[in-house]
Amino acid sequence: MNHATLPVGMLILVICALILFKIFSARRGKSLFIRRIPGLSAIDEAIGRATEMGRPMMFSPGLLGLGLPTLQALSILKHITTIAAKYRTRIIVPTCDSVVFTIAEEISKEAYTNEGVPEQFNPDDIRFLSDDQFAYASGCVGILNREKVASSFLFGYFYAESLILAETGHQVGAMQVAGTPAITQIPFFITAADYTIIGDEFYAASAYLSREPTLLGSLVGQDYAKAVLVIIIIAGIICTTLAGFYPSWHWLTWMDWFKPVSQ
Amino acid sequence: MTIFEKLQHIDRRIMYLLLLLVIAWPLIWGMDMPIMVSPAVKGVYNAVEKMPKDKMAIIIVYWGSGTIAENRPQVEALMRHFMMRNKRFAVLAFDPQGSKFSYDSAKIISSELHKTYGKDWVHWGFRPPANLIPLLQSFPHDVIKNIGTDINGTPLGKLPVMNGIKTIKDIGLLADTTSVGELDYWIAYVHGPYRTPIVYGPTAVMTADAFNSLDAGQINGLLPGMQGAAAYEKMLGRKGFATKATGALSSSHLLIIALIILGNIGYIITRRRQEQQA
Amino acid sequence: MYILATLKTFLLKWFPIFTHGMLKPGAPWYAWLGGIIGDFLIIGGILFLILRMVPARYRKSLIALLTFLGGVPYALEFFWPASKGGDNFLSLFVRQIGDGTNVLYSFALGLGIFSLMRFHANNLIRKRPGWHNNLAFFVAFFTMMLAGFANSVHHNAVNSNVFDMLFGGIVSALGSTMFSTIGFFIVSAAYRAFRIRSGEATLMLAAAFVVMLGQVPVGAWMTSGIPENGVWANLRLENLSYWILNQPNMAAQRGMYFGIEIGALAMALRTWLSLERGSFFEKEL
Amino acid sequence: MNIFHNIGHSFNFANSTVANTWMVWIAAIGTLAIYSVLYKENPVYRLFEHIFIGAASGYSVFVTWTQILKPMWWDKITSGEAYWVFALVGGAMFYFIYSKKHVWISRIIFGTLLGLVSGAAFKGFAGLNVDRIHASFKPIAGHGMPLSESLNNLVFIIVLLAVMSYFFFSFEHKNRVTSMPPKLGRWCLMFAFGAMFGSTVMARMSLLIGRVYFLLGEWLHIIR
């Protein structure tokens, strides 16, 4: 689909409107409920563990360049580095993309400055390893082993290297919290990491961690948008079933709005 | 620690060593495993059988050292089949390593079956992937002019194997072996407009998607990864690398399953004993 | 379209001061390099002076504005109805932006390489433990880079063989080796995780078991006693595994994708409109 | 003399067989070095890890120039499209992160990139989801529809809706009725994850077999 058809455009606009509406109503101070997400609650525990053991942590923002999953990963990174700076726990961030690397460096620098300890920031801890998938993985394996990492966070878009990172992390005894929107990699995180954030819990993470009204509102808006999709799908199922019995009911053709256009 | 507790905590190094052994054993000594020939593989075999002798087949090589274990047996089985039936084929590579690997394979099989390069088969060499679409658009109209030279730089017009091959109408079959998944382009630019039959050799991960194209009749047959190549070898009546490698594939799966069962036995018995004690 | 063309002519005429008129296609590369650097310094200098004048309190708004403007062409191109060819008046422009972004992004590679160099040079100069590894890094880096350029600038048998040797022997071989370690890890992960500890774990185990067996010939052989046609054929392992992958698995994946895509859309919306106050950069500018 | 001649021959890279032998040996040693980390992290692995990262980065500099910057930037400028100089100006703005005073200039370019990424999200959303929505309209019954298809569609729909219900974050799953679908959804998820895991095993084992074949076949010539 290269261009929005009218119904598709409307659908997207409705979704956006719901999200924006909820964001602005949350900003006006409406209190919102979010259910517990165990994996995300474990982040603080993992930071605490590294602090107690006096060993560093590792955070991998995934393999994608600057994209939406990476932006989400970076905002989780911001939460983690802020706490890490508070407790003076080292956090090593290996990246595989120059632009992501630069933003990660900025985030860390700021976290330390905000805690009033800018001198604690070590530029060597935010590293660009390589933009080659497996060179990056081999570097991460090296870091996990040599730095005796106590906690490892894997957030972002991962490909096949997910299991290399998670299993090595397990072998060095790190506590691992992982989450990715790359669905086919989630099983590997589930088997190897201690806590896994599943599916779009990943996009709920920053709201859950920061409790900022904008993000909470957005999360509730996303729920409404999903509800819209559920309603459309249920309606579609009922209508295709009916269309099978009553082919003459032409109003049922609304389902074709979503028919793939050849292009 | 009782034996059942130990079963729950087998050292990973032992597992890794076992894995290496169960993989190397069938590769070196061979291991007879039942191989099923699926309709998808039969489709490939039949497509090759049906290709008229006055036409030529093109084998596309779009893979490198990473997936050599999956794609090379597919290519070798195809080459062998063409040579056994005295049908002409050309190899066209979009990966520099794959180009070399497929050329080596073809040379070995051709000397085994007493065929001559340039007369019975030809290797068109490597073309950069960026040229794929321009090439797809141009070569159907004039194969010799748009492909130009073979892997050794010889102009195609000088090779007897190219006699009578002018346009895409003289190409009887396209065999796409790939780790990239550019099948859609071949369907869009070649199968769609000219109805040239296509058979497909993807890697195992890409197989699920490929069944859609098979259902839709866009491809005539499919070799799912290494296993597909093994089934093809079975149909050709010659056990090659894929047959051995399928043994390794089966044994490694069986190892995982055995380890999972052992771990669970240890877990269940230990838990039962703890419950009894408590 | 007309506006864009006019803008293009205007830029071509006035901005690249050195290249305009003085350099023609076919001039030697060093002349072009000089021209480009000259242009860059003048344009960059002017831009820098302008930006310096922006008062601190407007900087944030300026960035927010640019973020919004950066997204406008893409969004508009999508929502604007297409004409016959499947394109609209913005399609070509958007494709050009794509090229430009690619180039822009490539210039950023220097940041990453600089960080790598700094890290390894630091260790090397201070002779920290393991400094010979850092030396090996530099040797490998420059050898590979030079071999690549030598082969593309001066293509002959030696250069091409040396390049193939280094690429095939190091980059490609180590890459596929690292990739294949997943084969080992998948064994230890499966062994450890697939225990019937809980209902969830058992479900996962069961599905993995059936699919694993269904994928290899042994599995097909195990249930080959079941007739190939009829109702019972569904119980043949290869069919069962196919069904699991194509029915429940696909449905579950689709359910997850809907949520993920909406999450991504919300993220995009917040970024585009700069609603996420200081999610990346908080510091006062 | 003869020895020197032989040494000279083994470095004769103009001969592709010689270069190939070198390549196989380098690759074999590297392969073993990388595998050694499976036993324990060790100095040999460390060395090859650094070589790998170095070579991959050197290669990516080469590729970035030859595949992106040269054709899409340099060649365009030298063929008269001089306004591409602006891309260099934009690219230079990244480097202001190293300036304490003018760091905000780098954010202009980051901001613009973020804008580009988010603006493209609408098309991304539509491209991925519209077909999926349409494909989810599966009839539960119909004239002459076989029972098996009905059942399959029913399973599909139940799993889809249950999984979607699991990802509603702003509802508390308080009573039995409302907590049922999310719970079922989670079970479906776990089942699907198991299936995904199982289906990946074969691909990964194929890769490993490829590497073992390289060691035993291409390097040691034990198998063919």
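A, B, C and D label the chains in the order they appear, each numbered from 1.
Keep this in mind: contacts are C-beta pairs under 8 Å (C-beta built on N, C-alpha and C of every residue); 3 or more make two chains touch, one makes a residue touch a chain.
Just so it is clear, the model here is predicted, and its values are computed rather than measured.
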item	value
Leading chain pair when contacts are tallied as C-beta pairs	C-D
Centre-to-centre distance between chain D and chain B (centres being mean Cα positions), rounded to whole Å	22
Computed distance of Cα centres, chain D from chain C, in Å	8
Geometric centre distance via CA averages, chain C-chain A, whole Å	17
Geometric centre distance via CA averages, chain B-chain A, whole Å	36
Contacts with 2+ other chains: residues of chain A	2, 4, 12, 66, 68, 71, 99, 102-103, 105-106, 129-132, 134-135, 138, 183, 187-188, 190-191, 198-200, 204, 219, 222, 226, 229
Multi-chain contact residues (two or more partners), chain D	34, 37-38, 46, 49, 52-53, 55-57, 59-60, 94, 97, 113-114, 117-118, 121-123, 125-126, 136, 157, 160-161, 164, 166-167, 189, 193-194, 196-197, 199-202, 205, 207-208, 210, 214
Sites on chain C at which at least two other chains make contact	77-79, 105, 108-111, 113, 116, 164, 168, 171-176, 178-179, 181-184, 186, 188, 190, 192, 194, 204-205, 209, 212, 215-216, 245, 253, 256-259, 262, 264-265, 267-269, 271, 281
Touch-based graph of the chains, sorted into line, ring, star, complete or other	other
Chains touching one another, given as label pairs in label order	A-C, A-D, B-C, B-D, C-D
Complex interface listing, chain B residues touching chain D	12-13, 16, 19-20, 23-24, 27-28, 65-70, 203-205, 208, 225-227, 241, 244-245, 248-249, 252-253, 256
Residues of chain A that touch chain D when the two form their complex	1-2, 4, 8, 12, 32-35, 37, 66-68, 71, 99, 102-103, 105-106, 129-132, 134-135, 138-139, 141-142, 145-146, 183-184, 186-188, 190-191, 198-201, 204, 219-220, 222-223, 226-227, 229-230, 232-234, 236-237, 239-241, 243-245, 255, 258-260
Chain D to chain C touching residues, read off their complex	13-16, 18-20, 22-27, 30-31, 34-35, 37-38, 43, 46-66, 68-69, 72-74, 77-92, 94-95, 97, 102, 104-105, 107-109, 111-126, 128-129, 132, 135-136, 152, 155-157, 159-164, 166-167, 185-202, 204-205, 207-208, 210-211, 214
Chain B - residues contacting chain C, complex	10, 12, 15-16, 19, 33-36, 64-66, 96-97, 204, 208, 227, 230, 246, 249-250, 252-257, 259-260, 263-264, 267-268
Parts of chain D lying in touch with chain B, wherever the complex brings them together	38-39, 199-203, 205-210, 212-214, 216-217, 222-224
